[in-house]
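Heads up, the next two complexes both have chain A, just with different partners, chain B and then chain C.
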Partner chain A sequence: MELIWDGLREAARLWWTGDAEIIEITLRTLAISSAATALALLIGIPSGAVLALRRFWGRGLLVASVNTGMGMPPVVIGLLVALVLWRSGPLGDLDLIYTPTAMVVAQLLLSLPMVVGFSLASIQSINPRLIGQMWAMGANRRQVLWLLIRETRLGLLAAVMAGFGAAISEVGASLQVGGNLAGETRVLTTAMVLETGRGNFEVAMALGIVLVLLAFAVNLVLTAVQQRRFIA
Partner chain B sequence: MPLEWRRAFALGLLALAAAALLAAACRADRGYNEDELILATTTSLHDSGLLDELAPIFEAEQSISVKIISVGTGAALRMGAEGNADVLLTHAPASERALLDNGDVTSRTLVAYNDFVIIGPPDDPARIGGSSDAADALAQIAQSGAAGGAAFLSRGDDSGTHKKERALWTDAGLSPAFDTDEWYKEVGQGMSATLTVANQRGAYTLTDRGTYLALSSDIPNLIPLVAGDARLLNFYSVMEVNGDKGRINTAAAAAFRAFLLRDDVQALIGGYLRDVYGQPLFIPAGEETETSIAARSDAQP
Partner chain C sequence: MTTDPDTTDTNTERAEVGAGDPHLQVRDLAVQRGGVPVLEIDSLDIRRGRVTVVIGPNGCGKSTLLGALQLVLHPTRGTLLLDGAPMHANPVQTRRRMSAAFQEPLLLSMSVLGNVELPLRLRGVTRRRRRAQAEHWLQRFGIAPLAGRHAQQLSGGEAQRVSLARAFASQPEVMLLDEPFAGVDAPTREGLIADFADILAETRPTTVLVTHDRDEALRLGDDCALLIDGRVRQTGAPAEIFDRPADREVAEFVGIENIVPRERWPWPLDAPPGGLVCVRSEQIGLTRGEGAVIQRANRVGAMVRVVVDVDGVELVAQVSRPLWSRLDADAGDAVAACAPPEAIHVLPERGAPTSPEERSRG
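After this line comes the complex of A and B, so read on.
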């Protein structure tokens, strides 16, 4: 019980004093996970749309792969990315292992299936007759695309939240490909693992509280955007 | 309409490929990154915080950035064997010698040492307190465990500490396993996680003294019971990875080895957190060898 209080007090103190290291780790966490989510959206929403709207050979297999990917353990992705990026691996010459870029790649691979899956589901739920009607009314391609995005906004924002959540909360892959280097690749989750390992449970708890608050803040903004349209 | 999606998809893929190519073009011509040193080391050493103290000094002197990768000793040695690290700092003498014999590393030098301790619950059901024969103590734990008294918690992660523990069981003429012996459990995690579990379960375990001291205030149900056996000595050695593996920063690895052995750095190692715990976490090896340290009776911290 005492440990829990100490953790809360330490968290409050670190926030109050504006601890430089915590702020730096928090900003890095946000940057890496946002970059990974942004890339996942760039690739994932179009892919989800293609899977939702087109019928082609191997589509079922792809959808099943996406659904599997949504439950992919980060440690599997971490190992795969590490094997590829290690010096002994096929892309070892890029010197990307233990860099933030490697972490973005790993988190991208984790959040991509989320984004594809959620986009697929929301776009597929649109009545196909609506699209036919739009064409019939003389809408051009851009207008149809715009309408489609507007209609599926709820689902697409859910995709953003799920993708970001997958990226920011994972620890296994970030440890393996980032190496938890102080000032370079240390993010909130990997710092928590280190502090727990060092027996600094108060600091670990403080970091955990920051992580939860950060995830909450991001989701609060996204939910506000999502629900405003829903209510209106 | 689908064309629009396809285009966006293709564009995304293209952007990704372009980024990868760009990165490749920028980097591929270099043999290796000259101002970067990858150090693979053990969690127990990194958790102590010592390397975070030493690395910045080396970085400032040499203008080389040190990437400290903290993994189990098994993984660290494997990283060396695969050429995925430039320099190794671990504590598993037998496995390290094998690496040296294979030619995976070109040098292996003792940097510092401390000792392992068998710790357990204060009521000590196996009655091993005060003993200085580690193998004998383990045999007693096994006996008490089989009778339903004691429990032993193993790291079970192929770390240096785990290797040491297995060697001690062999010395005791036993080979307990989690699937055959009810009283023997494997945690499969780092030292502090293992200590935390042992503390909750009231189990015996083997720990390096540094991690025990660092955590002692959080693990009131565990006290040191057996120490002082020469077999419990814990040797930390630095190894330079063989340059033949390709893209190894051998110059930086050599500089790091020399740095660790320098008198002023050895003094830093010996003084690290000494004030906090009233005893040294690491004893600098200086000119000594494993044999000479083991031969002395006063070798224990």
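After this line comes the complex of A and C, so read on.
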């Protein structure tokens, strides 16, 4: 019990004094996971729309892959990305292993199926006749996509939350492709693994609290947007 | 409108300048669904500045035709022309010259004003201009006070007014309407149709109106095309189709209840032998007298539907309730029945209907 109390006290102190390392790790975590989520949205929403609206050969297989991807163990993704980016691997020349970029790639691959899956589900729930009306109003392809995103914004915000949640909470892949290098690729989750292993529970707890608060803050903002019934 | 571009009728129409020339042309159009043909139209012209009503039984291909004109479904073959140019050449540009409204209002989840502005926004019209336009059309449809309301907070009638205001907002050359009044309850509908008719008379876009409602067709339509089994069965003025159907199927669809073989027709008739005699039930008159025996009578709204037996032929008459009271008759009683000659339309058993001239010659 004392261990927990000490941990909480130390966490509060680190927070209060604005520990430089914790702030740096927090900002890096936010940057990497946000980048991965943004890319996942950029690729995932249009892909979800295409899967929802078009019928083509191999569509069923793709949808099944997306659904599988939503439950893919991060450590498998980490292994795959590590194999590809490894110095002797197919993209080894890019020299990306153990860099933040590699971590963005791994987290992107983890959150992409979430974003595609949620987008697919919410766009598919739109009345197909409403989509017909969009075309009839004179919308071009890009405008239809924009209107679809607008109409499904509640579902798509769920996609953002799921995608960001998958990216920021993940540890295995980040360790495998980032290597937890201090000042370079150390993020909240990998730092927690390290500190827990060393027995520095108070630091691990401080990091854990930051991680939970960060995830909570992001979701709070997104939920506020989502639940505002009528967005202009 | 005509189904045959080579008739003299069309040529004289073409000689006219402006209103009346073919604006939309359908040529050799075929649409299949799951390998089954649902629409096959050899030729159909929609005339400029007029309201063409498309009628027909459920599943006859009315909505499919509209979908094809909106370029939202892919025909197996055929050409659609707008002002003589192929509509498929640039679908987005073509659609921007048109607008559509359906039985469902199909509003987007934004404000009423936002919905009416949207077609203009998609066309890149500046905020100030599109706002002014949208407000004008909301005013015209009597819903200006709803401008700030969210689309999901409207009654069915209000939502349909928004949908129609949106259709007019882009000032389209062509308006494609699929049963826009069918989902609105009766009292609201009357006012909506009246407003719509006024606005249409003022703006005169080329309009294609799909409907199953006879009154709507007669009231709003200048031209009419009747579809059965995916084919155009008859074209002409709406009154012409309702009163002078081309064949038995059309006659049944337009609600002609009395279709009697010529030989069994109980009254003298100045027409050659053969064929079918068609008379609308509201055209059969009943008076006190002899000659017909009442089989049964049922109230239908403001009317009474009376089945009478005239020389072994059952005829249906619809009379007003006051008239029925004055007759003071019931099942089994004798009355006099008659059908005015101008109400009688004789169909040949097969093929085209006899024209009035042919009948007078006969």
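Convention: the second predicted complex is superposed on the first by the 221 of 232 C-alpha atoms of A that agree within 3 Å, B and C clash if a C-alpha of one lies under 4 Å from a C-alpha of the other, contacts with A are read in each partner's own complex, and residues count from 1 in each chain.
By definition in this document, a contact is a pair of C-beta atoms (placed from the backbone, for glycine too) under 8 Å apart; a residue touches a chain by one contact, two chains touch by 3 or more.
Quick caveat, the model's predicted, so the values are computed rather than measured.
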**OP:** Figure out whether A:Leu145 sits in contact with chain B (first) or chain C (second), or with both, or with neither.
**Re:** first
Original post:
What is the contact status of A:Gln133 with respect to chain B (first) and chain C (second): first, second, both, or neither?
Top reply: second
**OP:** Kindly classify A:Leu94 by the partners it touches after superposition: chain B alone (first), chain C alone (second), both, or neither?
**Re:** first
Subject >> chain B or chain C, by number of chain A residues touched >> reply: B
**OP:** Could you tell me if A:Arg55 is touching chain B, chain C, both of them or neither one (first, second, both, neither)?
**Re:** neither
**OP:** Applying the touch criterion given at the start, work out whether A:Phe201 contacts chain B, chain C, both or neither, answering first, second, both or neither.
**Re:** first
Original post:
So which positions on chain A get touched by both chain B and chain C?
Top reply: 135
Subject >> Interface residues, chain A side, partner chain C - complex >> reply: 127, 129-130, 132-133, 135-140, 143, 147, 150-151, 230, 232
**OP:** Would you tell me which residues of chain C are touching chain A in their complex?
**Re:** 67, 70-72, 92, 95-96, 98-100, 102, 104, 106, 108-111, 114, 118-119, 122-123, 150, 166, 170, 176
Subject >> chain A contact footprint on chain B (complex, rising order) >> reply: 1-6, 8-9, 12-13, 15-16, 20, 23-24, 27-28, 30, 32-33, 36, 38, 43, 47, 49, 52, 67-70, 82-84, 190-193, 214-215, 218, 245-247
Subject >> Of chain A, residues touching chain B in the complex >> reply: 3, 39, 42-43, 46-47, 49-50, 53-54, 86-88, 92-98, 101, 131, 135, 141-142, 144-145, 179-182, 184, 194, 196-199, 201
